[in-house]
Each structure stands twice: as structure tokens, then as C-alpha cells.
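The following pair of complexes shares a single chain, subunit A, combined with subunit B in the former and subunit C in the latter.
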Partner chain A sequence: MIAKLAWRNVWRNKVRSLVVIIATTLGISGALFIAALISGMMDKWVQNQIETELSDIQIHQEDFVIEEDQKFFFEKEDLERQLTAFANEIKEKAYRIKAEGLAMSAHNTYQVILLGVDPDQEPKVTNISNYIREGAYFKEPGRIKQILISQKLADELKVRMNSKVVINLSDIEGEIVGEAFKVVGIFKTSSGIFDESHVFVKNDEFAKVLKMKPGQYHELAIRTGEEVEVEAFQTELQQGLDADLMAESWIQMSPALKMTEGYMDTFNWILLSVVLTALIFGIINTMLMVVLERTREIGMLRSLGLNDRKVGLMFILETIYLSITGAIVGNILSFFLINYFGNKGIHFESWEEGFEAYGLQAVIYPILELNFYVLVTLLVFFTGLLASYFPVRKAIRLDISTAIRN
Partner chain B sequence: MLKKVTSTLLFLILFSSAFSQDLTAVEIVQKSIDLINGKTNQGETQMTIVRPKYERTIAMKSWSYGSDYFMIYITEPARDKGQVFMKREKDMWNWMPSVSRMIKIPSSMMAQSWMGSDFTNDDLVKMNSLEKDYTQRLLGEEEVGGYPCYQIELIPRPESAVVWGKVVIWIAKGEWYQMKTEFYDEDMEIVNRMESSQITQFGDRKLPAKMVMTPVNKKGQSTVIITRKMEFDVGLESDFFSQQNMKKVR
Partner chain C sequence: MEVIITKDLEKIYNPDTVPVHAVNGISTSFEAGEFTAIVGPSGCGKTTFLNLIGGLEAPTQGDISILGDSISTKKKSEMTDFRLHNIGFVFQAYNLIPVMSAYENVAFIMELLNRPQAEIKDRVMELLDAMGVGDKAHQRPHQLSGGQQQRVAVARALASKPKFILADEPTANLDSHATETLLDLMLKMNEKEGTTIIFSTHDIRVMNKARRLVKMDDGKIVENGKPDTA
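Moving on to the complex of A and B:
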């Protein structure tokens, strides 16, 4: 009976209630949508870094992890033997030669990380080959060694397709060597930071420059199957490897990536609590108005024998109805919005450059986990409960005799 | 018969003399390099780095042995005084007395500018072998700074580790001073220009005392090197260029 009364009371002043409900709807759906946007952005970011740069797991010589010196390489044959036990979990893998060096042109010099890759195997692990803007992902071997550089680096060095880039670096004996490479492809990923600092060469050609023998590599990049839990697999893999080799998951290689994901979650909750706090005051204000308006009525009900608890309950319910209605409509609205844009993507092309400077993609596909909706609804419920405190207190403390005469 | 022999001889003499007068591009460049280096040399130099907003002058003493060894001792400014740079074959070291540290300059630092100038560490270390890395061609003759010069074009071989598209050098006829050098990128646009002037007597030979390196695209920026003193064939041995000696030289 009280519940029904409370629900009817909500609709006695339609305009006022609707204003509150609409405010809640907008607040909640806005917060949810922004949260989904941020989650979508972060998800894509992490996925991108895994696909273009980190892969799921990398294996190096332990010393190489500590000090990236070209002399700490491993033999492919040895590693392959140790990996046979993990054939089920490992979906794809690619061996690389990795060294830091200087890319020089007549105009400029840039410090870069050179990755010597196998043009057949590498595209199965990383997706750089999809980002080639000009030229090709390596060609048939020619007289001059081949190099892929990013658009950004090409601009910095003022070189283009078929230009010569001179690479200076130390070989495995510590001697400084200079070598001419010809630009056969130019790539552009969504990450400006990655682009600026990475170039790709063929691993057989690179091995000669560094004076390494065939079958010697610095890095093995592994993509695991979808169902494999990366962190657990890394532990297992590490136990199966010789002591001088080190397997690292992307989380270990880039703790900042994982941390940023965590920060963003926190940020989402902060955003939501700001919205809810603003709502509380709106609701309190409205409900105090309600109490003021119905002073006589409350006095009447109480003098007729409705006890304080029931009067209180009536106002509590009214407040909750008011807020939860908005929350539910907001949830539904944002659910459809998020799904719609989740499929279609939101395009931020005009800010592409800024986004890419942070390694983010300019098209965002918002996503939100279902439990977030449930949690938000619960939170709104408690917000309503909290907000009802002041109006209820006011209603109960009314002096009946003055209330009726008012 | 005799007549025939004489005419042949005459022809041979004429031919050979003509040949000896017409130097090839390679020989001209080699002569100019020999002139600058000598077998060993020792000198005092001053380098002024000109930037749009400031100027900085560094004074130094230098010792060198062929093109594989050199040592530089900084005498000015006071802040950098005592720093020593040494090149031994392909390696370069830096001794910093203020922190008592000897650093082997890693490959990653080789392309950084040397003491903030328009020269890089790499410029100091790497003397690209002219014969191995470039094809050389005599373009003609032109007057530079009052000296008739041979104009020689150096084109790097495609697989050589040279960043330039071409290098053009003007070498004074008979004197072998490198009066002017221009560095071009692969599109044959000029990048750097180096000009020499103030021919001065140093020991047994005359050399330009002033060299100005100008990056063409960077306005108001240049590096001026002035040689104050220079002696040649001073009897240095390669063991002079050691890490122990880096800490001792003054």
C-alpha cells in the first residue's frame, strides 16, 4: 500500500519528477558512455601494442633483458628443442635479431631499434605488414640490403622510397660498423612512439652486418592461442626453459600498460561518483520541496494514525523510485548507444595526430562489461536511499498541530 | 731505322710528360689529404660554434698520427678544461677529469654533435676511405678565394655507408688546399658547405688557417675552426695514443 502510494506520489507533479528523472538518465547514460569509450580505447590500445609490438610472450637471453647488448643471443636449435613441450599453447612464433643503432641520412640522425625479421614468419605474429603505406613488406633480395622505415622517420630523415639510409651500430664483437640500406617500404602504425623508434630489416641480411651466424637470434616473439591464459602460461614456460633464457609476458614487458588499464578503471569510478554526488543534491532538493508542499497532507496522515516509520518509508520509496527510474532508462539508453557505436566505431579523424602521438587509434569502439550496468543501478539505489535521509527527517519532525493548520 | 726509334722515343717522352701533368681526380684528392695530415702533427686550434642566440668558443690542443689516431685536449672554456678525446682506429674515448671517468663513446652517441658543434663524433672518427666508398671525377677548374682550383666530384658507391648523395671539393691547383667542400643529399640538394681561407705558413707547409662549416638549411648556424699553431712530422708514435696518456697530456 505504501509502495503504491509512493509511486503515485512521484507522478503528482509530473514536470518536476520528469526533470529529475531526465537529469538522472542523462547523468547515468553519459557516465556509462564515457566509461565505455575509455574502456574501448584502452582495450584497443593494449591489443594494438600486443599485435604490433609486444606479442603475448617474448623469450630472450637473460642478460639481453638486463642489458640490451647484441652479444647476448641464443641458438634457435636449442630453444626449439625446449619449446616442443608447449606446441599446443604456442599458436605462432617469430625469431628476430634486435639491436639499437643510428639511422642516418644527409640531413639527420635518429636513434632507432632495428628488428631483423623473417618476412614470411613475422606477419603471422605482428601486424606491421598491414600498415605498409608505400612499397612492400620486403622484396626479392637485391644488391643492397633492405629496410622498412615509418612515415614519421622518413619525414625526419627527409628520405623516401628507394632512398639510402645508413645504419651505424656495434656488431657482436663491439666494433662499430656502418651499412647502407635501401628503403623498400614505408609503414605507419597508430603509435607515433613506436614508429619513431623502430625500423625493420631482413634477419639474414642483418645477421651478416652484426657478424652473427645463421640460427642465432636475440628474440622470440610468441602469440598464444585464444584460450591460453598468458600469465599462467608464462610461468609454466619459464619452468620449461633453460636457466639462461627468460620468458616474459606482455604484462611483464610493459607494466605501464597494465597499470594504465587499472588507472582508467579508477577514473571511471571517480567519474561516476561525481555524477552521483551531483544527483544526490538534485534529488534532496526536489524531495525537500515535496515535503514542504505536502506539509498539511503529512500532518493529516500522521494525525490519522500513520506512524513515523510508514511516513518515512513512503518518502524513502518515493526518492528511490525517482532516482532508479532515471537509472534504468539511462542504462537502457546507454546500452543501445554503446552497442550501436561499438559496432560502428566513433571516428576522431580530426584529432588523429594527437591520438597517435599517444599510440591510440583514432577510431574508438566503446565497450562496457555487463556487470558495470548492474553495479551502477545498485549504486543509484543507494544514492536514492542516502538522499532520502533529509526529506524523511523533515517529514517526521514536523509538528502535527502546526502542520495541519498551515 | 734510327729515325723511327728516335720518333718513338720522342713520342714516349712527350706522352709520359703529358701524362704526369694531367693528374687524375684520385691523385689530386690524395695530395690534399697528405698535405693536411702529414705523417704526424701537433697543433692548437680554436673552434667557435655560432648559433642564432649564442656563440661559444672552445680552444684545444691536438695530436694526430695518420688518420687512425688522434687526441684532443680541451683548454678552454674553463668548464670543459682538461677533457680529452681520443680516437684509436675505430673507437673513440672521452676522459672527463672533473668526474675522473673514462668513457668509450658508444655507437649510439657517435652521431651526436661533438661539443655542440656542427661536427658529429662520427665526423671525427670516420674517414670514409675515399677510394673504397666514392667514385671520383674531375669536373673542371674554377677560382675559389683567389686560387685556381680543381673541382672534383665524389659520388658514393651505392652500397657504401655514406649518407651524402655527392660531395664536391675544390682543391687549389699546385697548392692542394681544400678551399671549399659541398655536401649534397640524395636529391642533390646542398646540405652543408665548408669553406677555407686565410692561407698561413705552419711549420714546413702552408695551409688555410680558417675553416667555416655551414649547414645550409639552418639559418644563423655555423662552426668556425681557426688553427693557431700546427707542426708536422713531430715524431709521435702510435703508442702515444693510449688511455694512460689521455690522463697525462697537457
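Moving on to the complex of A and C:
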């Protein structure tokens, strides 16, 4: 009965209640949509970093990680033997040769990271092959060694397809070597930072330049199955490897990525807190007005025998109905908006360069986990509960005889 | 049998600033089944006296005993519960719950008392029919005339079969016909249900219907007895 009375009371002043409900709806849907936008952006960012560069787990010689010297490599055969126990968890893997060097053209010189990859195996682990704008993801072996460079680096070096780029670097014996490579493909990922610093060559050709023997590599990139929890698997994997080998998850390789993800989560909660705080004050104001307007009625109800608990419950329910109605409508609205734009994407093409500078894609697909909706609804419920405190206190403190005469 | 006894009852408003003796040492009693009018000019203390015996206000001094139980010492929550079980109120401004139908208004107290739905339905319709508004059961207060609203308010006051009903100027907002009808119905219910009814008024037509008149002036009872003697 109290619940029915409270619900009907909400609709006594339809305009006022609708204003509160619409404000709540807009606040909640706005906050959820921004949270979804940020989540979508972060999700894609992390996914891009994993798919383009990091993969889930990488294995190196420990000294290679510490000293970044190409003389610290491992034998594929040895590592394969150690990985047999993890065949179920490892979905795909690709061996790489890695070194830093200078990329030179007739016009410019750039410091780059060279990745010697297997053209058949690497596309199963990373997605650079999807970003080829011109040329191909390597060709059949030819007279001259092949290189893939980014559009950005091509512009900096002022080279085009089929141009020659000379790479200078130290081989595993520490001697400076120079080798000419022919540009067979130009790629462009969503990360400008990655693009200007990475070039790809074929690992068999690169091994010869570095004087490495077949079967010797610096890096193994691993993609795990979706069901595998990467951090737990990394720990397990590390225990199964020789002491001189080091397995690192993408979180360990790029802690800033994980940290930024955490910051963005915090930002989402701060945003939501701001909306909920504004909501609290809006509801308190509305409900205090309600108590003021219904002073005589409250006096009447209490004189008839409605105790403080029930008077309080009536106003708590009214407050919760107001806020929860707005939250539910806001959730539904944002659910449809997020799903619509989650499929179509939001295009920020005019800011593409700015996005790329941070390694972000200019098309964002908002995404929000279902439990976030549930959590927000619960938070709005408790916000309503909190906001009802002052109206309830005012209602039960009214002097009955004064209230009736109001 | 005396159901209400007041002893040296006093109510002083603003005791620390400008003291106003609204009720000034009233000692009286009311018998079960009485139909009593408290009369007097505006500001003589009628409403305050009714509020005191209804437990809506606490006396400054003196004691009120209802059904042998002193209510002056009851806690707020105990008094609320006491009112719910024993007292029905009728107000000058009807004070029906605007978002509820006539039926729901009358059923309200019985639902608070957790009475069975079947009992509530029978009792509410019996009262609404008796008050001549049975056909208005599903209409909301704003769809009823003042007289009809007040009849619903009386039905509400009677719904839980309280020991007595306190009505503060119940006819003040009604025209003469509606006043006549309401008082006749209240008298009928007083006789049928045996409920003690105490109401305040300064309307001469209402006074003539009462079985007992309590005249007040300046917060005191100045005359007390049957209408022809008071």
C-alpha cells in the first residue's frame, strides 16, 4: 500500500517528476556513453598494441632484454623442446630476429627497430600484413633483400615503393654492417609512434646480415587462446623455461598500457560520481519541495496513525522511484546508443593525426560490459536512498498539529 | 463509562516569549457513545483541546486519560499506534489522500492495521453506502463535491471501528444542506456503531444536533451540558 501510494505520489506533479527523470536519464546515459567511448577506445588501443606489436607473451634471452644486444639469441630447437608442455595454451607463435639500426636514404637517416619475421608465420601473430597500403607483405625471394616500411617513415626518408634503403647496424660479433634493402611494401597502422620506429625484413635475409645461423632467434611472439588468462600463463610458462630465458606478458612489456587502462577506468568512475552527485542534489531539492507542498497531508497521515517508519518509507520509495526510473530509461537509451555506434563506429577523421600520435584509431567503437549497467543501476538506487535522507528527516520531524493547520 | 478524562489540562504556546494560554486548566470527561459538540468563538481553544485529547499535541500541564490509560506520558511512537487503533479523525479541510480513490481512502487505515482484504472490502463498501457515496467509491477526491469528500472522510474515520472520533469543524466548509446531511449521517453512525464522537464547531445548526454541548472561552470550559441547558 505504501509502495502504491509512493508511486502515485511521484506522478502527482508530472512535469516536475518528468524533469527529474529526464535529467537523470540524460546524466546516466551521457555518463554511460562516455564510459563506453573510453572503454571502446582503450580496448581497441590495447588490442592494437597486442595485435600489431606486442602479442600476448614474448620470450627472449634474459640478457637480450637487459642489454638489448643482438648477440643474446636463443636456439629455436631448444625452445621448442621446452614449449611442448604448453601446446594447449599457445595458439600461434612466430620467431623473430630483432635489432636496432639506422635506416638511411639519400635524403635522411632514421633510427629504427628492425624485426626479422617469417612472412608465413608472422601474420598469424601480428596484423601488420593487414595494414599494407602499397606493395605486398613481402614477395618471392629476389636479388635484393626486402623491407617493409611505414608511410610515415617513407615520407621522412623521402622514399617510395621499390626505392632502396640502407640499413646500418651491428652484427652479433659487434661489427658495423651495412645492407641495402628494397622497399616492397608500405604500411600504415593506427600508431604513428610505432610506424616511424619499426621496419620489417625477412628473418632468413636478416640472419645473414647479422651473421646468425639458421634456427637462431631473439624473440618468440606468442598468441594464447582466448580462454587463457595471460598473466597466470606467463608465470606458468616462466617456470617451464630454462633460467636464461625470460617470458613476459604484454602487461609486463608495456606497464603503461595497463596503467592507462586503469586511469581510464578511474576517470569513468569519477565522471559517474560527478553525475550521481549532481543527481543527489537535484533529487534532494525536488523532494524537499514535495515535503513542503504536502505538509498538511503528512500531518494528516501521521494523525491517522502512519508511523515515522512508514512515512519515511513512503518518501524513500518516492525518491528511489524517481531516480531508478531515470536510471532505467538512461540505461536503455545508452544500451541502444552504445550498440548502434558500437557497430557503426564513431568517426573522428578530422582528428586522425592527433589520435595516431597516441597510437589510437580515429574510429572508435563504444563498448560497455553488461555488469556496468547493473552496477550503475545499483549506484543510482543507493544515490536515491542517500538523497531521501533529508526529505525523510524533514517529513518525520514535522509537528503534526502545525502540519495539519498548514 | 468515562472514556476520556482530562485533569487540569493546560496548553501554553510560546511559553518563553509571548505566552498564549490556548487551553487553561480544563478538567472534564466524556462518556462512551456520546455525541458532543465543543463550541465557542474562534480562538477559544477548541482545536487545541481536540488536538490534546487526540494526542496530536502534548499538554504543557495536566493529564489526559483515555480508556484508563494516561496518554500524557506516552512516547511519540506509542501515541501513533494508539491513534491508529483507537481514534478516528475528521478535519475541516477533508484531507483525503488526493491520489487515492474514495474506496482506497477509506480502506487506508484498515490496510495499515493489516486487516484481511475481504473484511476491508465489506467494511469500506458498507460505510460508503451508509454515507451515501457508495456509487463514488472509485472516484478520486477532486471528482467529489465538498460534502461528498467530507462523508468519505467520516467513513475513513469510522473504518477501523475506533473507540471515538474527533472532528475539528467538520462542517465549516459545507453549505447548509451538506451540513445537515453530514450531521444526520454522523448521528446515525454514532447510534449504530456506538462510537463516541466529539466535534468542534461554531455553527448554531450543528450545535442543535449535539447531545451534549461543551462551551469554551479563553481556553476554559464555561458551560457544559445538554443543548437545552448549556
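The rule is simple: the second predicted complex is superposed on the first by the 406 of 406 C-alpha atoms of A that agree within 3 Å, B and C clash if a C-alpha of one lies under 4 Å from a C-alpha of the other, contacts with A are read in each partner's own complex, and residues count from 1 in each chain.
The rule is simple: a residue touches a chain if its C-beta (ideal position, glycine included) is under 8 Å from a C-beta of that chain, and two chains touch if they have at least 3 such contacts.
This is a predicted model, so every value here is computed, not measured.
In the three-chain model built by superposing on subunit A, subunit B fits alongside subunit C with no clash. Of the two partner chains placed by the overlay, neither subunit B nor subunit C lies in contact with A:M264.
Contacts of A:I144 after superposition: subunit B is touched, whereas subunit C is not reached. When the two complexes are laid over each other on chain A, the CA centres of subunit B and subunit C sit 150 degrees apart as seen from the CA centre of subunit A, to the nearest 10.
Contact with neither subunit B nor subunit C is seen for A:V363 once the two complexes are overlaid on the shared chain.
When both complexes are overlaid on chain A, the residue A:V166 reaches subunit B alone and has no touch with subunit C.
Shared-chain residue A:L337: touches no atom of subunit B or subunit C. Applying the stated contact rule after C-alpha superposition, one finds that A:V329 touches neither subunit B nor subunit C.
In the composite built from the two structures, the nearest CA pair linking subunit B and subunit C is 82 Å apart.
When both complexes are aligned on chain A by C-alpha atoms, no subunit A residue touches subunit B in the first and subunit C in the second. Residue ranges of subunit C in contact with subunit A, taken from their complex: 47-48, 51, 54, 56-57, 76-77, 80-81, 83-85, 89, 91, 93, 95, 97-100, 108-109, 111-112, 156.
Residue ranges of subunit B in contact with subunit A, taken from their complex: 90-91, 106-108, 110-112, 120, 122, 125-126, 158-165, 183-186, 191, 217. Chain contact summary for the complex, subunit A toward subunit B: residues 100-102, 104-107, 109, 111, 143-144, 158-159, 163-164, 166-170, 175-176, 178-180. Considering their complex, residues 1, 5, 8-9, 11-12, 296-297, 300-308, 310, 399-401, 404-405 of subunit A touch subunit C.
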